[in-house]
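Paired with subunit B in one complex and with subunit C in the other, subunit A is shared by the two complexes that follow.
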Partner chain A sequence: MSEPVSALGGLRYEGFVRVEELPPRGMVTLRGDLGSEGLRRAVRDLTGLDVPDAGGVSQGAEHAVAWMSPDELLLLMPHAAAPEAVTQLQAALAGEHAMAVEVSDARAMFRLTGSGVREVVAKLAPVDMSRAAFRPGMIRRTRVAQVAAALWMPEEDCVELVCFRSVAAYVFGLLKVSAAKGGEVGAGY
Partner chain B sequence: MSTRLARGGRLIDRARPVEYRFNGRRLTGFAGDTLASALLGSGQMLMGRSFKYHRPRGPVASGAEEPNALVNLGEGGRFEPNQRATTTELFEGLTATSQNHWPSLDYDVGAVNTALSRFLPAGFYYKTFMSPRPFWKHLYEPFIRKSAGLGKAPTQPDADRYEHFHHFCDVLVVGGGVAGLLAAREAGRAGARVLLMEQTAHWGGRAPVDGDRIDGQAAEDWVRHIVTELEAMENVQLRLRCMGAGVYDHGYALGYERLTDHLPGADGPRHRLWRIRAGRIVTATGAIERPLSFAGNDIPGVMLASAARDYAVNWGVSVGDRVLVVTNNDDAYRTALVLKEAGLDVPAVVDARPEGGGELARRAEAAGIRVLKGKAVAKAKGGKHVTGAVISSQAGEGAMLEEIACDAIAMSGGWSPVVHLWSHCGGKLSWDEAGAMFRPDPDLPPTGADGAGFVIAAGAANGHLMLGETLRDAAEAGARAVSELGATPASPGALPAAEAPEEAPLFPVWMMPQGAGHELRSKAWLDYQNDVKVSDVRLAAQEGYESVEHAKRYTTLGMATDQGKLSNINGLATLAQRLGTEIPKVGTTTFRPPYTPISFGAIAGEARGETFQPIRRTPIQDWHEARGAHFEPVGQWRRPYCYPQGGETHGQAVAREIDATRGSLGLLDASTLGKILVSGPDAPRFMDMLYTNMMSTLKPGKCRYGLMCSENGFLMDDGVVARIDEQTFLCHTTSGGADSVHAHMEEWLQTEWWDWKVHTANVTEQYAQIAVVGPNSRKVLEKLGGIDVSAESFRFMDWKEGVLGGVRTRLFRISFSGELSYELAVPASEGRAVWDALLGAGEEFGATPYGTEALHVMRAEKGFIMIGDETDGTVIPQDLGLDWAISKKKTDYIGKRAQMRSHMADPERWKLVGLETVDGSVLPDGAYAVAEGRNANGQRKVQGRVTSTYHSPTLGRGIAMGLVLHGPDRMGEVLDFPKVDGEVVQAKIVDQIFFDKDGEKQNV
Partner chain C sequence: MLILTCPCCGVTAEETEFHGGGEAHLTRHGPDSDDDQFHDYLFMRENPRGVHFERWRHVYGCGKWFHAARDTVTLEVFGTYPAQTTEPPQHIREAISARRPGWSWRGLS
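Let's turn to the complex of A and B:
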């Protein structure tokens, strides 16, 4: 087995916030009845986390569970753990109408760090990034400029953003131009 | 002559001189100047030439409404035409040139047009240039294009960067005059999220210039205090140099922020487009003064009274030594008083009102200014500059009573509320008889999703022109905005007290003097920028253009870059008068965003250069680039078309790639293929509906080629389906079709079959997919090892999962080339490593990467169809002889019903065949086969067309596929395909499988 590589090999950019591509992360799409006890238990057994409410993300040390739609979750974990996680979920949910599928490599992930992260995102995504509207623990499935993305804040002054792998270079370009020095908005976010 | 006064100028810093260039001349202004004020201060009143007649023009206004003073600004990558000198802040090194003149601003050849103006009336172009028709293209249009037109187009890429910003707030207040400030404070005190934007670089609007007092303070001081108060509120955002550009549905608004126009080259974006979603929008956009229509009102030196006052108060500039004031209202007396106080001569105030004005008029008289009541300017005199004015009675036809020498004329025809933003999204206007103005009709605001109005006009923009009522209205607007959003307005404090003189009513004047004959009317300008005169609008009415929208287009009134900010009301009043009707009956033209032109850069935002559009990259893209691939766009992907080596042409490279693949081993990056997982207890029956053929009978471990049709029966997509387990299918789609096919699946599942237990997931990008093709493909896989690929255990159309060469792999034995062929799907994160491993293991077989053109040629040699070549949205599978892939047993599939319609079942539909040129040449793509006779339009009848055509290196000749009338029944017939150059290529109808008809190569 060869060493898995991310789309951009971990590119970084220092603007008025730091932009970095993260190493490969394990991701599993889980579709099913998010209210079912079986599914909630399977998620808890795998990740140690509860299924979040609509628009939310539950975060643990190595895992996270993100709400993607009324019947879809995105489970995050170490990259090497994803294949086994799919097997485990499929076994646990054998009696239910549910689908678990690995999507780790279909994605690229970026982290933005710094006090201006909210402004950088607001330049690209039609999301209310003010403190009053968007807080750690929430997730938005949205777009950045012309492509789909999902984003959340692991903590204040930090945003993690996931997009499709094929557009990683485009998204990195967007984040760079939006984070370039001199572009601070000062919008009180 | 205009000049810099010794004193005054609240916005300039005389300690900081600023050098700039105008038409190559080196001039000096002060920090805080606009380009217009600096030029006037340098004695430069003439700033441009008009569009049609090339008449000399100076500024008529001091702000965003300016129609005349347009310049080419900047150089190189910062060159921009049509920039208003009145809103361009002066900076060190600014370079501007004037527009519309040749050879120079002072001596312009095109000005001969003005002498010919009686031959260039409204509609002149339509009347003159319509015939003879060919003259338009070859004579008239080139001539008109040369002589007309505004600034030049930039020739270099824009040197700056731009961006968007998405912002959400409760209350957006547009306009930072006293009304906007007060409305923002009311909303801010109630705790609402407020965004206040002002298009200029200064808060306060006109109030500090007008000299009125608020709460016992000079307006300027009151403004400073309220701004300080607003800045301290965390919930209030203030932005200067940010114009409310447009209001759209559901509280959406655009703000156009000019960050570095005044600091070119500074760090950061030049413009930022604010994309705002607001609960309520308060438009405190003020009012614009109207010109008066008298002969010669476009001569440099004639300007709005408010502008003359602004230049004196804001920038310490006098627009002339002897300034005649002409008005129909009290406000212009403020200008007379300001100029007098500045030590300038005001020979008279010509007041069209027989009774004259109120308190301000009395003050003017007390200051020794002569006031002429019931009088008019019949004609301004002068060429490139005003030299005097002929005075007549307003009531008469213009007989001269006296002539007054002057070098500037300050005119005021009253004020029009800026109702643009109120109107953009459907807010209606009502006509205010007393103020002779359109104002927002509070009962008919633009409405949101809930049916409630979401725009609230405030202050002068709402028709409240007097300071006291402006403040009261603005405070109410701010409080109303928050209470409509469900918040409680802060306890109402005392309304700021306004100290402003009582004003006498205005007297509407649409023509000065009212009885002016044709000669005077044909020199009275309505639209300065487009050179439309009172006589033109009257002519339009006379010729039957009664609708204001028609008259506008016929005369071009209000169609210039200023969008008629000064001319519209005067123009439609003139139209109403000529039609003998009332102004509100004529109505206004439509107000459309943006309020003033915004830059293309701001609209594009980040979408330029490498982020112009997303380009999708496969995990192997870097290798293709390093190898010097020639790329072609496929959807948003860029796929290698071929990999030229040395001095190869693309054709040579394609031939080499095909020969190598058919001869030994080829590799293709097929990662772009769509891969969609369909899973659930109802997946089999869902698959049977999606595809025309039977998918539910497919066994796990097997693959089947399938066709997907739209609801209308047309072939939409195709690909190989692999059954993963009893309830899971993996659907391969075309590279460009993955997203739309996934959306198609979800739409049917979510809207029609919502109760079916099926989930889908688009896993296209999870995998790198590599086709390993050719007689040696099995050997190279055996070298990698880990999956048994022997002919017996791994048959054509089988798939297997395992670890191949140490990598988790899903291996398909499928072929799009007719060769022994496999496709490997591996995790994308290991795709490049697997590609490299295949190249290494395949070295001994001469492993040759091939591109999409080799793929296309090889599939055409085998007679396989290609979505987008053989299909174009009008083709059904039956046209392509794919009946074998259409289940006769299924009761239904998407498109079945449509394919039963008479036209779809018509035996006259063209059918797919192979085409072989008689001379071996390559048929032109898209060529038509002609038939005997001509159709009803006199065109040659046709009986078929080419859908794919290539040179086949395998066969050494041109091969093609095409759709031909009764094609499959006409094997061996020769058809004529005329080329564009008139030559005819003959081609024989043949079976479309050109190569290895029995499939011996892939069945090994």
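Let's turn to the complex of A and C:
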């Protein structure tokens, strides 16, 4: 088998926050009735995590479950575990109106760390990044400049952002400009 | 700035996160309709100065379609409601009446 590689080979940039591309991560899109007991059990068995409420993300040591829309979840896991996870979900959800698809290689992932992460995101996305409005444990699907992205905060002063792999270079460029030293707005987030 | 709240995922965002889908509550005349009905369905749209009903899609968010009632002049949004309706629900009409007494739109008021 060929080695999985991330879109940008793990590029990094040190501005007033650090921007880094993360290594390949396993991702599975799961669509179905998020209220159904069968689906909730299947997600719990696979990840050890509960299906989050609307707009939330539940995080474990290796897994995360992100709420993408009223009928869609994004499951994150180690890259090698994704194919097996799809098989397991399909078996668990046989007979239910649900669909599991591996999307690991369709995505790129970035992590921003530093005390100014809220500002870096706020410059690019139409999201209220104030501490009162956006907190760790929430996920927001939105746009960054001209492309779709989803972002959440694993903890304060850290943002993880997922976008399509085909626009990874564009998004890295955006984050770089937004995080460049001297570009601090001082909005007091 | 036009700020909408998606009734499907509850996110409030400005209009660049959404995409407009044209006028709401059209009757789609198809087979067995006459030429005039089909003509009206295809071409005749409201273009009001004031209260208007539109379809919107939360294109960068949850991806769902919904309806919005708003004022085309002030960009005031009277409410958003699910796409699975053929006419504005009562609470939306009341919200409009409270702000724009005497409004009318395609025979609704």
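Here is the rule we use: the second predicted complex is superposed on the first by the 189 of 189 C-alpha atoms of A that agree within 3 Å, B and C clash if a C-alpha of one lies under 4 Å from a C-alpha of the other, contacts with A are read in each partner's own complex, and residues count from 1 in each chain.
The criterion applied here is as follows: a contact is a pair of C-beta atoms (placed from the backbone, for glycine too) under 8 Å apart; a residue touches a chain by one contact, two chains touch by 3 or more.
What you see is a predicted model, and the numbers here were worked out from it, not measured in a lab.
Taking subunit B and subunit C in turn and counting the residues of subunit A each one touches, the greater count comes from B. In the superposed model, A:E102 makes contact with subunit B only, not with subunit C.
Once the two complexes are overlaid on the shared chain, A:V127 sits against subunit B and subunit C alike. In the superposition on chain A, contact of A:A54 is made with subunit C only, not with subunit B. Look at A:P70: by the touch rule set out above, it reaches subunit C but stays clear of subunit B. Shared-chain residue A:R141: touches subunit C; no touch with subunit B. Shared-chain residue A:A168: touches subunit B; no touch with subunit C.
Across the superposed pair, subunit B and subunit C both touch subunit A at residues 126-127. Across the complex, subunit C is touched by residues 54-55, 68-70, 72, 126-127, 140-143, 148 of subunit A. If you check the complex, the residues on subunit C that touch subunit A are 8-11, 13-14, 16-17, 60-64.
Of all residues in subunit A, only 1-7, 24, 29, 31-32, 71, 79, 83, 97-99, 101-107, 119, 122-130, 132-133, 145-147, 164-170, 173-174, 177-178, 180-185, 187-188 touch subunit B in the complex they form.
Those residues of subunit B that touch subunit A in the shared complex are 161, 163-168, 193, 234, 237, 266-269, 272, 275, 277, 605-607, 610-611, 613-619, 637, 677, 679-681, 757, 759, 761, 763-767, 806-808, 827-830, 832-834.
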